[in-house]
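So, here's a batch of structures to check.
After this come two complexes, each holding chain A, first together with chain B and then together with chain C.
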Partner chain A sequence: MKKTELLLVFFSFLFLWPGLSFALNGKSNIALPLIEDAIAEDMPYDSGGDILLRWPADEDDEGVVYEIYAKTESSENEWKLADSFKAFEKTADKMRMPFWAWSHGSDEYAVKIPIKSVDGDADIGTVLCFKIKAFRDGKPIAESAILCASSDDNWFNLPRLNGLLMVILITAAFFMTMSRAKKKGLFIRRIAGLDAIDEAIGRATEMGKPIYYSTGINGMSSVNTIASLSILGEVSKKVAEYDSIIKVPHYDPIVMSVAKETVKQSYIEAGRPDSYHDDANFFLSSDQFSYAASLDGMIEREKPAACFFMGYFLAESLLLTEVGASAGAIQIAATDSESQLPFFFTSCDYTLIGEELYAAGAYLSKEPMLLSVLKLQDFGKLFMMLSVLIGGIAIALAAVFHCDGFVKGLLDFFTNY
Partner chain B sequence: MENSMSIILGGWLSAGLTIFLFSFLYKDNPLFKIAEHLYLGVGMGWWFIVLLYGTWIPKAYEPFMQGEYVLIIPVLLGLSLVTQFIPRISWISRYGFTFIMGYGAGLVLPLNLATDFMAQIAGTIKPFSQLASMSWGAIINSFLIAIGAVCVLAYFYFSVEHKGIVKKASNIGIYFLMIYFGASFGNTVMARFSLLYGRFDLLYDFSGASYAFATPIIIILTVGFFALKHFMDKKKNSGAAQP
Partner chain C sequence: MLIIKKYIPLAIVTIVGLLTLATYYVPAKASSAYLSTLNQWEVIVSGFAFLLGLISLLMTHYKKIAKRVDGWGYSLFVFIGFFAVVIPGIISHGAQAKDGVLTSLGWAFRYLYNPLAATMFAVLAFYIVSTAFRSFRIKSVQAFVLFIAAFILILGNVPAGQMLWDAMLGWTGICGIGDIIQWIMQVPSVAAKRGIMIGITIGAAVTSLKIIFGIERQYMGRD
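Our next item is the complex of A and B:
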């Protein structure tokens, strides 16, 4: 054999060796091309639960499947598959982030890996390592270097900047309306159901029968309960003036304590502190139907002249008002629990719908503080109406003229991240 | 199939309490009162145990015993509410209430703003960005939702007198509300009926020999009780009316 032939056989063997080796061992030892510029970092603006992986997307990626393997830095365990997706499925522009907090586009991949999915015991600060592998037709074609990063809890959630701006706007508007309410007073249109309160209390006084007032079955942190208590203050003030009797059965002990203070204060403001009885407010049960059964029994036995159901109610609404109606009481209900409103309509004399519950306290008391809150709510509604009308037209036109940036920007502003 | 004594007793208790509560449909009576007070007491007892074993022990007592002494702050704030029972020091409870009110308002404000306000606007206008790819039905639906939202908001607008265009919009808003309430009413009534059927189904189950004929016997006894009470009341009243 000639020298050149020997060299040819040697080089052929050299080139064939990886394939031969793969066939013999079932896996390749060839160093795959590197996925360059891949980085692992803490997911920005989150509470420390995720790691973000980013690497450039290539136009030739069509048909490629990416797999991300992960493990904790300290563990001796095998790499674990953390995510798998087809090319262009998880480009950075598809990340659920607003434009003011995220500037990465479709030219790179961005994948969020929850740290708990890598290791259930992983916590903020645990260093995790990742390896990205690209496959085409089931064969590996590229892989990244080992990327390590740890998550961190961030103090400021920039994607929620829109919420902060709205809170600042609302606060500023509140102080402005408050100042106006104190100087000039604010107009509120007539709310029919509330005019009936005087009638109901007057009727109770004439009949010498008690008035039942239920604040609903929500806790003190609910807006409807707070609104209900502000109405209770006004109702009990009138009750004190007319020297009638009010009974307030409670579902929540904390609401009961606040209601006690409210009723007591109303009696003092009405100049009748001597008429106040501490047992006007009493606790029944924190169990929904026990509360309803007990209150039903009381209404049936005492046959009150008037029943007020103001606050949040669920399935017990009809159980209560039906008994009140059969006892011959004049009934006024107010709730923002929309599923129960139909039942109140059918069984009560007057029903305040949703927002009217919040407006009632301000309407009755005419207090600048409550009036300005109501005015503020109206500003909110006006803002919402204009946003729907103008925003709807603008977004439709922007979509027609392919102004995608404007469409995304507008939707980002109104989205909760 | 024969049931054990405890299951039969359970059936009798369940059927009895159900019938006692249903007896309120006739009128207020001692049997209803028994069920009512039992329900109230059991409800209170149930919640006491739930709060004791679901909140107090795992979230306060056990972590505290394991050295999380910072828990003393929320525990003291919580206990301050109990001072309501002692009028002389009831003012201490205001610290707890103030914290609850402040915490509640702080938690609710950004949450409601995001979900009930901004997300609603986004949800209403978003379909208009996809009109080209939507079916006619979906387009009409999107417009209906937007018009409905604006008109219902107009109804709840309190700062102006409802005259002119505001009145027209709010009247349309009332139609939207009523359609919604009608649908909601029908939906809820159907759900309540299914609960009633469930109860009747149980009463039917308890009427068999395996439950020692609980339902028919309790119904007969209840009706007998009412008849006897009616007879005795009538006798008492007629006796009282005599000079």
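Our next item is the complex of A and C:
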């Protein structure tokens, strides 16, 4: 064969090979256009559970579907579909981040891939590799280079900076109001439900009947239970002074142990340690309805003169207070469980709403240090009212004048991330 | 003595309180490990405390039986119930079913405990009716407003009420009773709830600060 014929066969083969290959394999090996500037990096401000992928969004992306494939660096070639979405569905501006922690806009895509979704055994430091593919009408049109990254845990959650600033502000106000409390007296508005405590205990003393006090169905780790124990301390001090009888049935054994100490201390402070009985506090049950049934039975049999329900309650609230009402007891309730407030309102003589539960201990103790903190609660409410009012007006005005950036910034500041 | 009774517990409360607060802002693995350890400790303490609760329960009822106080017969049922569940529980190693068959513990739960708990919950329906009757007595302007709102809600949630509304006011075409219910539940009701919730949140935050900085220490006995 001549040299020219050989060259002709060679070039023919060269040009025909891609078509032949496609016919044999059913797919093309032609290199797809590259998705440029794609990066994989550790997701900032998280606990190390995610990898962030970013690449530029193009105006011509309409109708494009992106698929993200992932694998661990050590695995051979087991690419796994990690995410799939339509163009512009996951642009960076849709990432739930405030403006002070995230500056990327709608001109790029940002996708968060949980490392556990790639490999269940992946942990902080495991190197993962990603490949982004773009499809139009089901056909691949572009793909990225292989991007590898590992996640890391971060030491500060910057999106929560607004919350931290608020905590610092509240703490500063807390110490300021305390220092002012030492200088001059504070006016505290009357709370009818708490003023009625004396009346209830006096009635119990005259009738020679016991007082029941329930601390609710939360454990010692709840703030409302601690607030309830503060009230218990003051109530039991008055009970000791009046030489009446208090019974504190418990749902939680830890709360019972703490309440025992609280009641004992109150009797000592009232100068009546001899009147204290260790069985004033007793455990009933850690089951909601067993507790309610047991306490209902006691109220029904003993017909107490007064019942206090202070703390966190659920469905048992009405079961307890209706029986107390039918037994003719004066009933005073306080809860921060807003779903139970209507039941307490309708079946109790006095109800302390929400934050009054937290204020009650300080109100009854009349200690300047504790009373000063009530002022802080009022300042907090004033701050919230002004924020709602001014924020509402500002957002409405900004919406009218199309100041979208200002609206987002303002909303970011009052959002919990 | 004051150091052991007062200062050391207060220092523990302050340090643990501040560290726990910090975990909300620190996403690092050490932070979640710390929280997980605290939770484990709580479970352990709860286990021991439950024993205290059990002793308290049995002692209280034993004293009632021993002193023959009024209703001491009920206390007998505490012991009967206790042993009737604990003994089968030990025999069946705490399992309620074995190979798809109920153990005696499972039987006690399914045929004694569950019906009794359901009965208690069912009683709530009757109490709600009696409470509603009491709260619907119109004694003031506020009670009147409450009554009107509740009446519309009740009316709108029963088919007869909807038919009545359509027959009487349907011709006006302004709005259905469902729209009014939706407005009551989504506007005034939510506004009031949010107000209460904001107050609760502020109260809880301030109380937490009082506890962390040792201003509130009623729960540990004063001094």
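FYI, the second predicted complex is superposed on the first by the 392 of 417 C-alpha atoms of A that agree within 3 Å, B and C clash if a C-alpha of one lies under 4 Å from a C-alpha of the other, contacts with A are read in each partner's own complex, and residues count from 1 in each chain.
We adopt the following convention: a residue touches a chain if its C-beta (ideal position, glycine included) is under 8 Å from a C-beta of that chain, and two chains touch if they have at least 3 such contacts.
None of these values were measured; they are calculated from a predicted model.
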item: First, second, both or neither for A:284, with chain B first and chain C second; value: both
item: Touched partner set for A:370, first chain B, second chain C, both or neither; value: second
item: Touched partner set for A:395, first chain B, second chain C, both or neither; value: first
item: Touching partner for A:410 - first (chain B), second (chain C), both, neither; value: first
item: Touched partner set for A:95, first chain B, second chain C, both or neither; value: neither
item: Touched partner set for A:162, first chain B, second chain C, both or neither; value: first
item: Partner chain(s) touched by A:32 [first = chain B, second = chain C, both, neither]; value: neither
item: Touched partner set for A:141, first chain B, second chain C, both or neither; value: neither
item: Which superposed partner A:361 touches (first chain B, second chain C, both, neither); value: second
item: Chain B/chain C common contact set on chain A; value: 160, 163, 167, 170, 219-221, 223, 253-254, 257-258, 284-287, 289-290, 293, 297, 301, 315, 338, 341, 343, 345-346, 353-356, 359, 377, 380-381, 384
item: Contact footprint of chain A on chain C as seen in their complex; value: 21, 24-29, 31-32, 42, 45-46, 49-54, 56-57, 59-60, 63, 70-71, 74, 116-117, 120-121, 123-124, 127-128, 130-132, 134-135, 193, 196-200, 202-211, 213, 215-216, 218-222
item: Residues on chain A engaged by chain C in the complex (per definition of touch); value: 45-48, 124, 153-157, 160, 163-164, 167, 170-171, 174, 178, 219-221, 223-224, 226-227, 229-230, 233, 250, 252-254, 256-258, 261-262, 264-265, 269, 279, 281-287, 289-290, 292-293, 297, 301, 315, 318-319, 322, 336, 338, 341, 343, 345-347, 353-359, 361, 365, 369-370, 373, 376-377, 380-381, 384
item: Residues of chain B touching chain A in the complex; value: 21, 24, 28, 32-33, 35-36, 39-40, 42-44, 46-47, 81, 84, 93, 97, 100-101, 103-105, 107-110, 112-115, 117-122, 124-126, 128-132, 146, 149-150, 153-154, 156-162, 177, 180-182, 184-185, 188, 192
item: List of chain A residues in touch with chain B within their complex; value: 160, 162-163, 166-167, 170, 186-189, 191, 219-223, 253-254, 257-258, 260, 284-287, 289-291, 293-294, 296-297, 300-301, 315, 338-339, 341-343, 345-346, 353-356, 359, 363, 374-375, 377-378, 380-382, 384-385, 387-389, 391-393, 395-396, 398-400, 407, 410-411, 413-416
